[in-house]
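The letters A, B, C and D name the chains in turn, as written, and every chain counts its residues from 1.
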Amino acid sequence: MVLGNLMKILNGEILLNKKYGENLYKMEIFSPYICKNALPGQFVNIKCCYEGMLDPLLRRPFGIYEIDKRFNVFTILYLIKGKGTLFLSKLKKGEILNFIGPLGNAIKIVTGAENYLLVGGGIGVAPLCLIARYLTDLQKNVYFMAGFKDELFFSWENDLIKIVRNYRIFTENGSFGEKGLPTNFIREHIDQYKKFNFICCGPREMLKALQDILQGKNIAAIALMEEMMACGIGVCMGCVIKIKEGNNAFTYKRVCSDGPAFNLMEVIFD
Amino acid sequence: MVLGNLMKILNGEILLNKKYGENLYKMEIFSPYICKNALPGQFVNIKCCYEGMLDPLLRRPFGIYEIDKRFNVFTILYLIKGKGTLFLSKLKKGEILNFIGPLGNAIKIVTGAENYLLVGGGIGVAPLCLIARYLTDLQKNVYFMAGFKDELFFSWENDLIKIVRNYRIFTENGSFGEKGLPTNFIREHIDQYKKFNFICCGPREMLKALQDILQGKNIAAIALMEEMMACGIGVCMGCVIKIKEGNNAFTYKRVCSDGPAFNLMEVIFD
Amino acid sequence: MTENISESAPDLSINLGRIKLKNPVITCSGTFASGIEYNQFYNISNLGAVTTKSFSLNKRLGNSPPRLCETAGGMLNAIGLANEGIYYFINEQLPVLKNLQVSIILSIFGEDNNEFLRIAKEVNSIKDDIVAVEMNLSCPNVDKGGIAFCSMPDHVESLINSVREILDIPLIAKLSPNNDNFIETAAKARNGGAEAISLVNTVIGTAIDIDNFKPKLGNIFGGLSGPAIKPIALAKVMQLARENILPIIGMGGIFYWQDAVEFMIAGASAVGIGTLNFVEVDAGEKILEGISNYLLEKNINNLGEIIGKVFKKW
Amino acid sequence: MTENISESAPDLSINLGRIKLKNPVITCSGTFASGIEYNQFYNISNLGAVTTKSFSLNKRLGNSPPRLCETAGGMLNAIGLANEGIYYFINEQLPVLKNLQVSIILSIFGEDNNEFLRIAKEVNSIKDDIVAVEMNLSCPNVDKGGIAFCSMPDHVESLINSVREILDIPLIAKLSPNNDNFIETAAKARNGGAEAISLVNTVIGTAIDIDNFKPKLGNIFGGLSGPAIKPIALAKVMQLARENILPIIGMGGIFYWQDAVEFMIAGASAVGIGTLNFVEVDAGEKILEGISNYLLEKNINNLGEIIGKVFKKW
C-alpha cells in the first residue's frame, strides 16, 4: 500500500470540460505532478469556488479517471450533484483549477492474482477505469461490469472500449446495454467468478448486495468507499466508516487516508 | 418626488459586459421594464452570485448609468471592489442577471432652475451621467465636473461627450484631464456658479468639501449618498445617514427609500 | 392510491395554541417592516402571518450608523430597534393592512415593564384586528442594567402575566439564542400565559475594520442573522421542542424551503422568514410553495405529520 | 523615516503569560492532528505553535458516522473526540515533532477530573518537550451528567488547580461559546492557575435530512466551525478581552489574514487557525505572511501595538 505522502496543493489549467450527458461531465486538467505521482485508486480534492469565495466552503473529492503521461493530463469524470459540481461544470477551458493530490492509497495488487472483475455502479465506474487501465497494462485479465439507471452514461462507453475488451453494461430501464442489475447477473453466475478478484465502487446498496453474494465464498473483494470529507488528508477524523475488527467488534477507519479502498467483506453497512 | 413603488424583481439578459479600464466595467442589460419605469437618480439592487449560492449573501446596489429606450437596454458602470463586483465582471454576454428595481427616488427637478453643475468623484460619475442626459433633454444648461485619482476613467470620456458639451475632468496625478481636484477648482471659482444647482456624487471627502464651500452661499445642492444596504426597499432601517432636523437636532434617513438624493446642506458627516 | 388523493392540496393550516394560521409561513420581526412594501411583490395576505417590526410606545431613532455589515453566510445588524412608535402603527399602517386582509402578529417591546404595559393598553383597542402580539424579549431591560429581558426567566413570567391582564389576545414570547437558560425561560413564559415561543432572535456578533481599528458597527456589537446561524437556530429549536413546553415558531437563517421543512421536522409548528426577505423579496410565497410541493410529493396530508418528526426517528 | 526602518521585519513574538511564542499563529486543536501530515505542505516549525488534537488517557473510537455536514459558511462536526490516547502521542508522535522542532501545545481532555489528573501525570514526564497544555473544557463531564466542564466555573477552578499541582507547565483553558458565563469561567480559570484562555470552541448546531427525517449527524448535535461563526467568536473574544482577565488565543472562523488581525485588534494575543486547515492546507504559513505584511505596511513594529487596540478607539 502506497501512502499518500506525495500530496501537494496544485494548480492546473483546465484543458477540456466536456458534457458527456445530462449531468455528466469530463474534465481534463494539466498536471505533470499528478501524472507522475498518482496511482490508481487515488483521488484529488478540488476547490469548487473562485478564490475569495466561501461557498461551497469545503473541497470536493473526485477519483482520478484517466492519466495521460504523454500530455501530462489527468481526467475526472463527474456528475452534477449540488453546488460544488455545478460550479465545476461552468468552468471553461483555460481556467485554473486548485486541488490537492494525489490523496488516499493506491489500490493494492496481490501478486499471483490474474483475473479481475470490476463492478461499477453509476459514477462509481470513474475510478475503476483507471484501475482497469493499470491492470490491463500489467497484462491481467480484466472484466468490467457497469450498472446504470438509464442511458446517461451512453457516451462513456467510448472511453471504456479503449480500456477493456470484456465488459457488460446494464441499465435498470434497459435503455442502454442489458436490462437489469449487474449484481443480479453476478449472483446468478457467481460460479464463473470464483477465481476472480473483485474490485467495486458504487452506491451503498450495490456494495451491500455484493457483500451478501460473496459471503462465505472466499473470494477477495475490494470496495472503494465514499464518505463526506472535510480535510481529505486524514487529520479531521470526519470521513470514517465502520470496519470489522476481530469477533463482533469494530473500529472506525478513515476513507481518505486509510482507504478509499477497503476489504469489502470487512465493511459494516448499518 | 417619485416613490419607488414600481419596483419589481426582474431578470434581464446581459448584452454587453465590457472592460473600460483596470477595474472598471460597463454592463448593458436588456430590460423593457426598467427602461420604461426608471428615472434618473434611481438604482437597481443586483444579485451577485449564481442561484443556490450564498456568497455574497446580500444584493449590491448600482446606480443606473444609461437608459436606451430604443433597444430596451439599461447600463451600469461599475468598479470591482470586492467579491460581488468581481462576480459581475466575470459574467458573459447572454447570461441572465437578477435584480430589483427601479429603487430609490428620482432626482427632483425644481421648475425654474436652468443651470446645473454636476460634480462627480470616481465611480460617482455613473448616476450623474443619466441625470445629465435627462437635464439636457429638458434643455437645461448642464456643466459636468469629474474628478479621478488617475487615468482609469480615460475611456469613459467617450461616453460623456455624447451627453454633455461642457465638462472638465481632473485627476489627482494629472494623468488625464487637468491636474487637481474639482472641489479646489470650484472653491476658487465659486462666484461663477452662484446661479447653478449643484448635483453631486462621490466620496465622502468630496461631498464634505462641497458642503464647506457652499456653506452660507444659498446655493441649492443635492447629494447622491451611498451606504451599505441590506434590503434596498426601505424596510430594514439599515442604510441610514444623519440628517439635520430643526435646530441642532437630527434624524436618520434611509438612503435607499428616503434618498439616495438628499439636500447636501442637511447631511451630517461625522 | 388514486391520483385524486395524492394530488389534493395538502392542509397547511396550523395552530399555535389559540392562534390559528392558514399556513406556517410567517415573516420575522424587523425584516418585513409592516409588510406594505412587500405587497408590491406578492399578495402578502397569502402568508400565514406577517410579524411587524417591533414597536415601542414612542418613536425611536435607533443606533448611529453604520448599522449593517455583511459576514460569511450572514449579516450583522445594529438597527437599535428604530421604529415609528405604536401610534403610527395603529393609525397609519393598520388600516392599510386590514384592507389587505393580512393576518398580523404585532411585535412590541419596551425598555421596562411599564413601557410594555402601556403599549399593551394601546393595543387592547385594536386587538380584534391582529391575531397575536409577539413580545420581543431580547431587548435590553433598562430597569435591570440593560440585561435582556429573556435572560431572567422569573421576570419573564411576571411580565407576561401582567401584559395578559391588560391584553386578552394570544401572546408569543420571542427569545434570544444568546442565553443558556432559554428552555427555563420558555417554561416561565408558558406559566405567565404565553401561547407560543418564537426562536431565535439574532446571535450576538461583531466585526472590526482593520484599517481604522474600530468596530464596523456604530453600536460595536450587532445581531447575526442569515444562513450562517441556521445550524445554531435549528439546534435550539430542537432542544426546546424536545421539552414540549409550547408550540414554536422556528426561525434563523431560513433561505430555502428545505430549511423551513428542517425546522418543522425539528419541532417548529411554524417558521419565520427573516434576512431572506432582503435578498429575495418574494421569498414568503416561494417558501410556502416549496413546503406545499414537498408535502404533495411525500404524500403527506397535513403538517402535523412532520412537525417534530425527528423525535420519532431519533 | 528611512527605508531601512519601515522595511525591517516586524517583531511577531508574543507572550501568553509565561508562554513565549515566536509568532501568534497557532493551529486549533482537532483541525491539525499533531501536525505531521501538514509538514508535507510547509515547515510547521514556522508556526507560533501547533495545538494537537485533544488526547484522552486511552484510545477513543468517537461517534458513529456521519460525523460531518457542510453548512452555509461553515461545517458541523461530531467527531466525538476520537483519538489514539496520550501514550500514542508520547511514544509515536512526540519524537517526530521534536525532530521537526515544533512548538507544541498539547490538548487534553478527560471524562472526569480523575482522567484529567491521570493524563497530567503522564504528561509530566514530557513537560520539557511542550510549551503548554491546553485543557479542552468543552467536553462533557460524565460525573456531572454530561454537562460541559466549562459551564461550571467553580469546578473549573478546582480542576485546573489540581492539574497544576501535578504538572508544572503553563496551562491554557479552552472555553466554549455555548455558555453565558464564559467570563466568570475565565476568571475562575485564572484563579485556578491558568496562563491563558483559548476562545472559542465550536458552537452547538444541527442539521436534518428532510428525506428520512433524521439528523444528518450520527450524534444528532454537532459543533459549528468556520467563517459562519467568526462574528460570534470575535464578539466573545472582545467581551472577554475587555475584562482583562488572562491573555487570549482567539479563534473561530479565521479564513483570511484580515480575520486574524481582527481578532488581535479585538484583544487576542494569538490566533488559532482551525477549519481553514482543511480547505487551504498551507493556511498557517499564509496567515502568518499576511499578518506580517500588514504590520509592515502599517509601519507597526510589534504586535503589542495592535492587540486590544479596539478599546482605545471604542
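Some observations on this one:
Criterion: a contact is a pair of C-beta atoms (placed from the backbone, for glycine too) under 8 Å apart; a residue touches a chain by one contact, two chains touch by 3 or more.
In this text, all values refer to a predicted model and were calculated from it rather than measured experimentally.
Traced through touching neighbours, the fewest hops from chain A to chain B number 1. Comparing mean CA positions across the assembly, the chain most remote from chain D is B.
Centroids of chain A and chain C (each the mean of its C-alpha atoms) stand 46 Å apart. Computed centre separation for the pair chain C/chain D is 35 angstrom, with centres defined by C-alpha atoms. For chain C, the set of residues that touch two or more other chains comprises 72-74, 226-227, 255. Residue positions 54-55 of chain A each touch two or more of the other chains. Viewed as a network of touching protein chains, the structure reduces to a complete graph with every chain in contact with every other. Of all residues in chain D, those touching chain B in their complex are 72-73. The part of chain B that touches chain D in the complex is made up of residues 54-55. Those residues of chain B whose C-beta lies close enough to touch chain C in the complex are 5, 7-9, 47, 54-59, 100, 227-242, 251-252. Those residues of chain C lying in contact with chain D across their complex are 71-74, 76, 151, 178-181, 203-208, 210, 212-215, 220-222, 224, 226-232, 234-235, 238, 253, 255, 258, 261-262, 265-266, 294, 306, 309-310, 312-314.
The part of chain B that touches chain A in the complex is made up of residues 49-50, 52-55, 83, 86-87, 90.
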